[in-house]
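You will see two complexes here that share subunit A, one where it goes with subunit B and one where it goes with subunit C.
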Partner chain A sequence: MGKVIVVTSGKGGVGKTTSSAALGAALAQGGEKVVVVDFDVGLRNLDLVMGAERRVVYDIVNVIQGDAKLTQALIRDKRLETLYLLPASQTRDKDHLTPEGVEKVIAALKKSFDWVICDSPAGIERGATLAMRHADVAIVVTNPEVSSVRDSDRIIGLLDSKTLKAEAGERMEKHLLLTRYDPARAARGDMLKVDDVLEILSIPLLGIIPESMDVLRASNVGAPVTIADGSSAPSRAYFDAARRLKGEELEVTVPGNEKRGFFGKIFGRKAA
Partner chain B sequence: MNLFRIFSRPPSSAPAARERLQVLLAHERAVVGGDSDLVAKLRDEILRVIQKHMKIDQEKVSVTMERGDQMSTLAVDIEIPFKPGKKAA
Partner chain C sequence: MNDVLTQPRPIRLKGRSFLALALTPDLPIEDWLVRLDDLAARSAGFFLRRPVVLDLTNLAIDREQLRELVNQLNARNVRVMGIEGARPSILGPDLPPAMTDGRPAGDIETPVASEAAPKAKEEKAAVEAVEEEHEVVPVELPSVKVSPSLMVSEPVRSGQSIFYPDGDVTIVGSVASGAEIIAGGSIHVYGTLRGRALAGTMGNSTARIFCRKLEAELIAIDGYYKTAEDLEQDLHGQAVQIWLEGETIRTGTLG
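Right, the complex of A and B next:
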């Protein structure tokens, strides 16, 4: 039986889809069988970030409504054999995402995948609550910024009350993934520090993803950042986070870009 | 690796983003504008025609699409069971 993970945040634009794709790919790169499910019906983007937007045939709503079999809707990644995507519907109303339908889809995916990663939409409405409902583990994506931390706190509350685990009286396993972190700005005192965020949200840290051009570059070309450039700073952070998800205990560090030489500094800036 | 990075920056990625968006949005605007997605429509009708002549096991049907700017491709792959005893229609 596979593990169901929800990647959530409340706030939009903090990196849920980027992180879902990067972690999914990182796990698949380690040989695990992974499916990433887009729950953002009406505003899907995971297909675009993973570079499969031209190949979407069926989506999760087609499967729920019985127009397509689950196996027909799954898109296999062209680069990684064990990585799959289940797209959200772009045109249909999000009311077509029913609790019963989602339950069936997740149950079926759990049987054939090691990891089922649910990419939640922003907000706290139906799509977001259904994405978290069946989760065994939650990843709360947060930026070191006041509104993101506040929304994460709200989402943590929902994870502890609206999920099947919570309703069964069990403890929901939650992890913080701090994204777009800039160590230099934090050191200057212009950005919330890791410890500040940890103290406020008090959930364990899964990883710190540094702010980086590599993330934008990867989404431009339609590849999870861990595939686009596996040696980049954000990729190394995602690989470490994936290992922690698998239960390894690693010290959390903020991978930085290797120091650029004198020429790199001069010439590198212009193009960036 | 490091030296590589200093002297050769990766090729710029923005043109790729622009091109991907143009293709994708051209298809999506057509759908939102009322014309239903032609490729999706063809897919449904092809399957319906085939179903008229034989019972299709949904598990044995694979449909793939590739949307392009000049051309899209649609591939419908169906396993048709062959029964030697029966006379071909």
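Right, the complex of A and C next:
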């Protein structure tokens, strides 16, 4: 049985889709079978970030409504043969996601994939709650900035109350993925520091992704950053995060790019 | 000219519970009204001075019928203070307001009939009512022998609300910005208090708030409150206790 991960944040624009694609591609490069599921029905983006927008025939709503089989809707990545995408519908809205339908799709995906990564829409409504409902593990994507941190805190509360795991009285495994982090700005006090965010959210740190042009460049060419340029700073941070997801214990660092000596500040902190 | 805004005395808001009669009419309404009249005939003034709530759960009724029902009840001197379990579409500004979260209490004794009258089971529940305090009324606190308390061993997240009117609340962890703790007694936070803490809300002026680190958005004791702006800046980030002296909120650092 595969593991179901929800990538969520509450706030929009913090990097959920980028992170879903990058982590999916990073895990798939290790040979594991990965599917990334876009739950943002009506505002789908994952197909673009993964460069599959011209190959979408069926989507998750078609599968839920019985118009297509799951295997027909799954799109295999051209560069990584163990990486798949289940796109969202762009023409429908989130009301077309039914709890029973989502449950069926996730159960089927769990059987044939090692990792099911659910890319949650922003917000705390239907789309977001359905994306997190069946998760085993949650990745909370947060920017080092107060409104993002507060929204993440709200989402953590929902993860602890509205998911199947929580309702069964179990503890949901939650990880913090700090994205768009700029150590120089944090040091100047223009940004929340890692410690501040961790203190407020009090969940273990999965990784720190530095703010980088590489992320934008990758999404413009339609490739997860971990495929577009595996040696870039954000890619290395995502690869490390993927290893931590698999249970490895790695020290969390902020990989630097050009100015490694300056940016590559080591954070003596253990993950998860 | 701005004398309203410059009033130094804040408005006091308090929660208050009342026991209300919940009437659960059934169809056809005419028959139900006959039974109600029968009950009223046995005890004149049974509904006088009692808060009455109409429970419409599972009752297929439209707006016109509801209006007629309320009028019929008014004609019998049964004043409906709120409606529970109705679809929002049938309510309106000319009807009593919707009420939710009523908690059942025991059945209320109906006047005994001499013969086998239709068993009136209409009265059953209690609802909570929140009322603005208009006058200074001495608050009757039930003399509690063992003060109950609530222990929360998780951080309280943004958007979460912990409501515990019965006694003290202890949080082992932090209270996030956008979260709130409402306690009848004192509030203890073994972590950072970033959200709102309202202690002594059921009229307990001896309640206090304690926290390891104060970054609160709002604190209140027995209806008197202070926002983050009104709190002394040098207390920010400190271990603090907050209590009430007369009508003044006092703060002091701990240890």
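Rule of thumb we're sticking to: the second predicted complex is superposed on the first by the 258 of 272 C-alpha atoms of A that agree within 3 Å, B and C clash if a C-alpha of one lies under 4 Å from a C-alpha of the other, contacts with A are read in each partner's own complex, and residues count from 1 in each chain.
Note that in this section a residue touches a chain if its C-beta (ideal position, glycine included) is under 8 Å from a C-beta of that chain, and two chains touch if they have at least 3 such contacts.
Keep in mind that what you see is a predicted model, and the values were worked out from it rather than measured.
Undergrad: Is A:V252 contacted by the first partner subunit B, the second partner subunit C, both or neither?
TA: In the superposition, A:V252 touches no partner, neither subunit B nor subunit C.
Undergrad: By the touch definition at the top of the document, which applies to A:L164: first (subunit B), second (subunit C), both, or neither?
TA: neither
Undergrad: Determine, under the contact definition given at the top, whether A:G222 touches first (subunit B), second (subunit C), both, or neither.
TA: Touch status of A:G222: first partner only.
Undergrad: Have a look at where A:I200 lands relative to subunit B and subunit C in the superposition and call it first, second, both or neither.
TA: A:I200 sits against subunit C, while subunit B stays out of touch.
Undergrad: For A:A186, select first, second, both or neither according to whether it touches subunit B, subunit C, the two together, or no partner.
TA: neither
Undergrad: Touching A:A108, do we find subunit B (first), subunit C (second), both, or neither?
TA: Touch status of A:A108: no partner.
Undergrad: Where on subunit A do the contacts with subunit B and the contacts with subunit C coincide?
TA: Common to the two interfaces on subunit A: nothing.
Undergrad: What residues on subunit A touch subunit B, complex-wise?
TA: 48, 51, 53-58, 68-69, 71-72, 90-91, 216-222, 229, 231, 258, 260-261, 263-264, 267-268, 271
Undergrad: So in the complex, the part of subunit C that touches subunit A is made up of which residues?
TA: 154-155, 157-160, 173-174, 176-179, 192, 194
Undergrad: Within the complex, which stretch of subunit A touches subunit C?
TA: So the residues of subunit A in touch with subunit C come to 124, 150-151, 153-154, 156-158, 160, 199-200, 202.
Undergrad: Could you pull out which subunit B residues touch subunit A in their complex?
TA: So the residues of subunit B in touch with subunit A come to 1-2, 5-7, 9-10, 12-14, 16-17, 20, 23-24, 28, 31-32, 40, 43, 58-59, 61-68.
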